[in-house]
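Each structure below is given as structure tokens.
What follows is subunit A paired twice: with subunit B in the first complex and subunit C in the second.
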Partner chain A sequence: MRKTTLMVALAALVAASPALAQEITVWDFKSGDPSLAAYFDKVKNDFEVGHKGVTVKYVMQPHDQYYTLLGTALSSNAGPDVFLMNGGALAKSRVPSLLKLDDKAGGLIKTLTGLDEFKGPDGGVYGLPITLQGHVVYYNKKLYKDAGLDPEKPPVTWAELQKVCEAFKAKGKVPCFIMGNKEGYGAEFFLSSIAATSLTAQEQTDFASGKLKWSSPQMKAILQAWVDTGKAGWYEKGANSTAKFMDEYEGFMRGDGANTIGLLSDVAHWKQFGDMLGAENVGAFRHPSPTIAADKTAGEPKIPIAGGIGYGVNKNSKNVDLAVALVEEFAAADPIKVFVASAGVVPANTAVDLSGISSPSLKSIQGWLTTSVAPTAHANSSSEELEEWHRQSQKLLNGETTVDAAAAALDVVQAKVKPQK
Partner chain B sequence: MTTPDSSTGASRLRTASKSRRAEMRFAYLFLLPALLLVVVFRIFPLLWGFAISFTDATGVAPSHFIGIANYVQAVSDPNFRDSIVNTLFLLATLPIWVALPMVLAILIDQGVPGGKLFRAVYFFPAVLSSVIIGSIFNVVLRYDGSFNAFLGAIGIDAVDWLGSSTTALLSLLAVQFWSTFGMGVLIFLAGLSTVPKDMVEAARLDGAKMWQIWLHVIIPSLRPIIEFSAVVTTIGVLTSMFGLIYVLTAGGPGTSTTLPEFLIWLEQGKLNQPAYAAAISMMLFVIMAGLAWLQIRIMSRNTNL
Partner chain C sequence: MPGAGKRQKRALWIASIPMAVLALSCVYPVFFAINNALKSNKAYILDRLSLAYEPTLANFVQAWTRSHLNEYFINSVVVTVGAVLLLLFVSSISGFALACLRFPYRRLLFAIILASLMIPIQVVLVPFYRTVIALDLVNTRIGLIISYTAFFLPFSVYMMTAFYSGLPRELIEAARIDGARFSQVWWHVMLPLGRPALITLGILNTLYCWNDVLISLLVLQDQRTLMVGIAALRGEYTTNVPLLSAGLVLAAAPIVILYVFFQRQIVSGIAVGAVKG
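Coming up: the complex of A and B.
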């Protein structure tokens, strides 16, 4: 009898287990990175402890095919409960598949910055950023000293930056900027760095919508600056055959170049450079621009900032409430603190305590985040425009096309993907 | 009337026929897995690609039939046009791709000193993946790479082999040739083993010079191999350079090293335009089939002469 009862109980348990156990599937392009394991483990453990019977399952996809795979999965209703996104155009184009989070995660949203990159056309928040992304120029203080420059006074105007580059050219030891433009990313980062200061807020919006043409005087000034800096010998020879990830940055860490346009989070950031060159030997400055927008001030360059990466909830998820709770866990201060310490990101959560981190570069960046930010122009461009900019930037650097011809080719692509009424 | 003998014969025939049918059934059964693989992984994707090339599918929103719009777009797309021009440039070098391995194979076959060593050395790159070869030559050909260091040592200025539009495609071509010509040598060596030795000997006894033997005896005997090599090389140039392009130049600078297969990946993998990518794939398929057919026709005609 006892045996029968035990068998029945066991059978009932087995039958009921699928209903009791719940699995939340998370798609991303990060969770397999060993340097981020501590963060992902903490989120999973904390969440599973706080939600008995729930399992978090990470599914990492290859980054270069991530959005294609995600799009296919979402369109066939086979998508994950939660997914990671890059802020800006990539997140905004997924808004139709995302759950609006304003009401469900309102408390946490108040502590986050970089939300604009995850907002839909209705102004609602459709993803919670975990990091901030953007670009500053990192510089090697030892090389500045070698060239007779004051390493504690980085350039803040275009004229000062020109003088810095002339000093490195005169010294003839290393190029002023180490530049990797094999895939066109060097030109992409340059575009956003200059546009942050040379375009007004309205012009940034117009550029994102396609109203501001590549052939406009404002955009052509950026293309011209790219050509001029190349002609002035700011970059090493062979920039078009140097990969930005990671040949350029490895070169910077070897001391093969004085400056590099780097990132705030993920890779090529203050922590990575500091670990290699010594945090005290790495400085950061905001890329000056040859032209200053009407709503900006000379000597006060802006840094292009976007909402890094963030998590959203699939609105067709069968476990919406759990998925929202998990997204909040991803963006919460405690796990993000682990993320910052292990991977060197700039967090979107303002409640994260960074007092234990001594990097001078991070301190500079933190200061600018409250006073000197602007949209990231390339993050608001279409993929088609960026691909064309990659191609045209290489031809401009090689002197194989003119600014007018490049702008005209970019206009054609822009008009196709962002038709104006 | 049926005699016992004829009845036995008919019975034997029936048994034999039954046995043949059973064998055939077994044969079909053995063929089935291979046929299934071909249908599922070759025929079906081809038909599927053909079908979506007439739609505006993006993989995100529902797709609609748009007729030949993707094909019209390809014709007016400067990137596609550039990729075709680059392909034509590569195909123009086809005689070198065929002739050099053939000459080397003949030399090895004639018993040049160290022939076996050369055969192994030539073939070695063929066992490396294109990504590994690309990574090796990335180090060799980059501006601060070992090849420029060598040129510098002998007083020649450095060249941006992979970053200049004038040299990038040639550099890719050289690397692709380096990595595949060993296979060509092996194919020609196999072909040379079928050339009748008595014909060569007879020509020699008749007083033919070495170059005359090559031109009038060996090379005509190798016509089927030349034809095969030309077709395989053409297909290789059109469809197997993606790995090298991806690692060495990323299609640039500009579009100077963009070939149709790289453009297909760009449109599908980076720009999320599977329908347009499918249309380019179909065009590439037609071009390849046409070129292969043309080559075989020309070679067959020459053989008949």
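Coming up: the complex of A and C.
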């Protein structure tokens, strides 16, 4: 009898072992970052407590190899159950390998913003964003005071911004903007920051589809502003040789420049700058534009916003339901609150309680998110257009080309990648 | 001839200036890495080039724990030693066969091996990964050893074939007349004579295997190698340079120590291999 019982118990254990050994593999490029450890630990612990016998395994890949490896794994019908991805083109190109989440995570989706960057051609949601990405101008309040400006009254119109930059030019100590346009990224951020206020909602849509040309008056005004600000001496010497990530932002954190067009999440944001300069010494404002779109108001600039990073489920996963549940856990309000506090992101989940965070910059950004957002023009450009914009922006800043010639060159590329009927 | 001595001394001084600059350009990155590894990230951002006035070992501790360098180091040693030994054995035997034996399609075979040198790894990643999955070699050290051997073998075979082709055939013929089988000729004659080339090849393959990131990332997904751990210290947009420097110092230390102990053999191996190979 005892032998039979033992055999039954053993058989039950063997039968149960696949369930006991269930493991959900997550690929990402973030989980090894010590500043994010609290968030990743919370997601793992909460999920494993809520799903007995399931283990979450993080596999962090170096970012520069990440999409090559992910592509190889997905093409081989292998790969992780869940993976992290950047929103926009990188997420959209993975849609064939992703599970549609509308029905499975519908409740949570209602609380998320920045979903457009994770939608497929059918309009379905294929990834849940955990952060929002966008651009505001961060400024150094001490330098504003040194230049005789009121640090609590940042510019809201183009004329006011011009006055600010004239003050810094007159002082001659630091440039008005520290700009890293080595690979053209400075121009990318400038384009989106100005377009947010100078293009109407319809024009943004038309630009994304290729209907609004680079040589249109609206787009040429942005190119002209780029040239004018360069000529007016807003940027440091050698801006085309300054790397955006690292050099530009490290320069801002050293106090080598008064303003910088930064990000909302990941890096170059309110928390990073606040940690270096003191949160009370960092302010944020919405980049004003020289022209105001018909559906916008002067003195009320908009900020370009897009979905930042998010998680999707591999449709070939053997544990689809668990994988969906884990993706929901990643985007849920409680873990994201930990993410915001430790790493300084702007969350995609609108249910996250941020009342405990005292950063004045974040408070300003939070306010604008509900009233002053617009699409991110560069995120809606093709990679070919951006590559050409990188090239043309450097030539414009160096005075090697004209606005008309640059716009014509960009039109050619746009027509190739977004042909119009 | 006191004048000639003076002239010679002056010429030596003049020659030593560019040599010193060259030496400095090699030593400075090492100094930069060690110096910045001892700084906090804030101190690095505030002044990248200054000395570490308030040195801290926190970056080493964080790199060690975050990169799991202790585990990854063992993986790197095992796969590098395994792959290099296998590569040396297979390339020596193949080189001997291609250079010294006469069999049909020998040249064609050599040309095919040479042609495979021209295929970039990225082009064959998908079929390679599928093969590794099909053979159930994912997450196994032996899988990575075999992969390294496969990818680095064409160059190794080419080099050993070139080296053995330069040796006099009379040596083989003499051994054959003395009654040695081909395996004995390889073991007793060619292997000892091929030592300089094998040392050079060993060094090159050790560097390739130790520094590889891409193949290792695909095959060893659970247990990383050291360089993958180091690569993971780099951020998406920005990098914590002091932390990365600490990781690099820790990763480079074993190779530097090995070099210090075996520099005579390594240098002579490279020099002899360069002349004969």
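Here is the rule we go by: the second predicted complex is superposed on the first by the 397 of 421 C-alpha atoms of A that agree within 3 Å, B and C clash if a C-alpha of one lies under 4 Å from a C-alpha of the other, contacts with A are read in each partner's own complex, and residues count from 1 in each chain.
The rule is simple: a residue touches a chain if its C-beta (ideal position, glycine included) is under 8 Å from a C-beta of that chain, and two chains touch if they have at least 3 such contacts.
A quick note: this is a predicted structure, and the numbers were derived from the prediction, not measured.
Participant: Does the subunit A-based superposition show subunit B and subunit C clashing or fitting?
Facilitator: After superposition on subunit A, which the two structures share, subunit B runs into subunit C.
Participant: Touching A:237, do we find subunit B (first), subunit C (second), both, or neither?
Facilitator: In the superposition, A:237 touches subunit B alone.
Participant: Of the partners subunit B and subunit C, which touch A:52 in the superposed model: first, second, both, neither?
Facilitator: Touch partners of A:52: none, neither subunit B nor subunit C.
Participant: Look at A:29 in the shared chain and tell me whether it touches subunit B only, subunit C only, both, or neither; answer first, second, both or neither.
Facilitator: Only subunit C is touched by A:29; subunit B is not.
Participant: By the touch definition at the top of the document, which applies to A:72: first (subunit B), second (subunit C), both, or neither?
Facilitator: Both partners, subunit B and subunit C.
Participant: May I ask you to decide whether A:64 touches subunit B, subunit C, both, or neither, giving the answer as first, second, both or neither?
Facilitator: Once the two structures are laid over each other on A, A:64 reaches both partners.
Participant: First (subunit B), second (subunit C), both or neither: which does A:383 touch?
Facilitator: first
Participant: Thinking of the overlay built on chain A, is A:421 touched by subunit B (first), by subunit C (second), by both, or by neither?
Facilitator: Touch status of A:421: no partner.
Participant: Could you name the one stretch of subunit C listed in 59-67, 113-121 or 131-139 that collides with subunit B in the superposition?
Facilitator: Among 59-67, 113-121 or 131-139, only one stretch of subunit C overlaps subunit B, namely 113-121.
Participant: In the superposed arrangement, what residues of subunit A touch both subunit B and subunit C?
Facilitator: 64-65, 68, 72, 75
Participant: If we count contacts the way the header does, which residues on subunit A are in touch with subunit C in the complex?
Facilitator: 29-30, 32-34, 57, 59-65, 68-69, 72-73, 75-76, 78, 245-246, 249-250, 253-254, 266-268, 276
Participant: So in the complex, which bits of subunit A are touching subunit B?
Facilitator: 64-65, 67-68, 71-72, 74-75, 182-184, 236-242, 247, 383-384, 387, 390-392, 394-395, 397-398, 400-401, 409
Participant: Of all residues in subunit B, which touch subunit A in the complex?
Facilitator: The touching residues are 58-62, 78-79, 141-144, 158, 160-165, 168, 249-250, 252-255, 266, 268-272, 274.
Participant: Tell me, which parts of subunit C touch subunit A in their complex?
Facilitator: 42, 45-46, 62, 66-67, 122, 125-126, 129-130, 133, 138, 213-214, 217-218, 221-222, 228, 231-239
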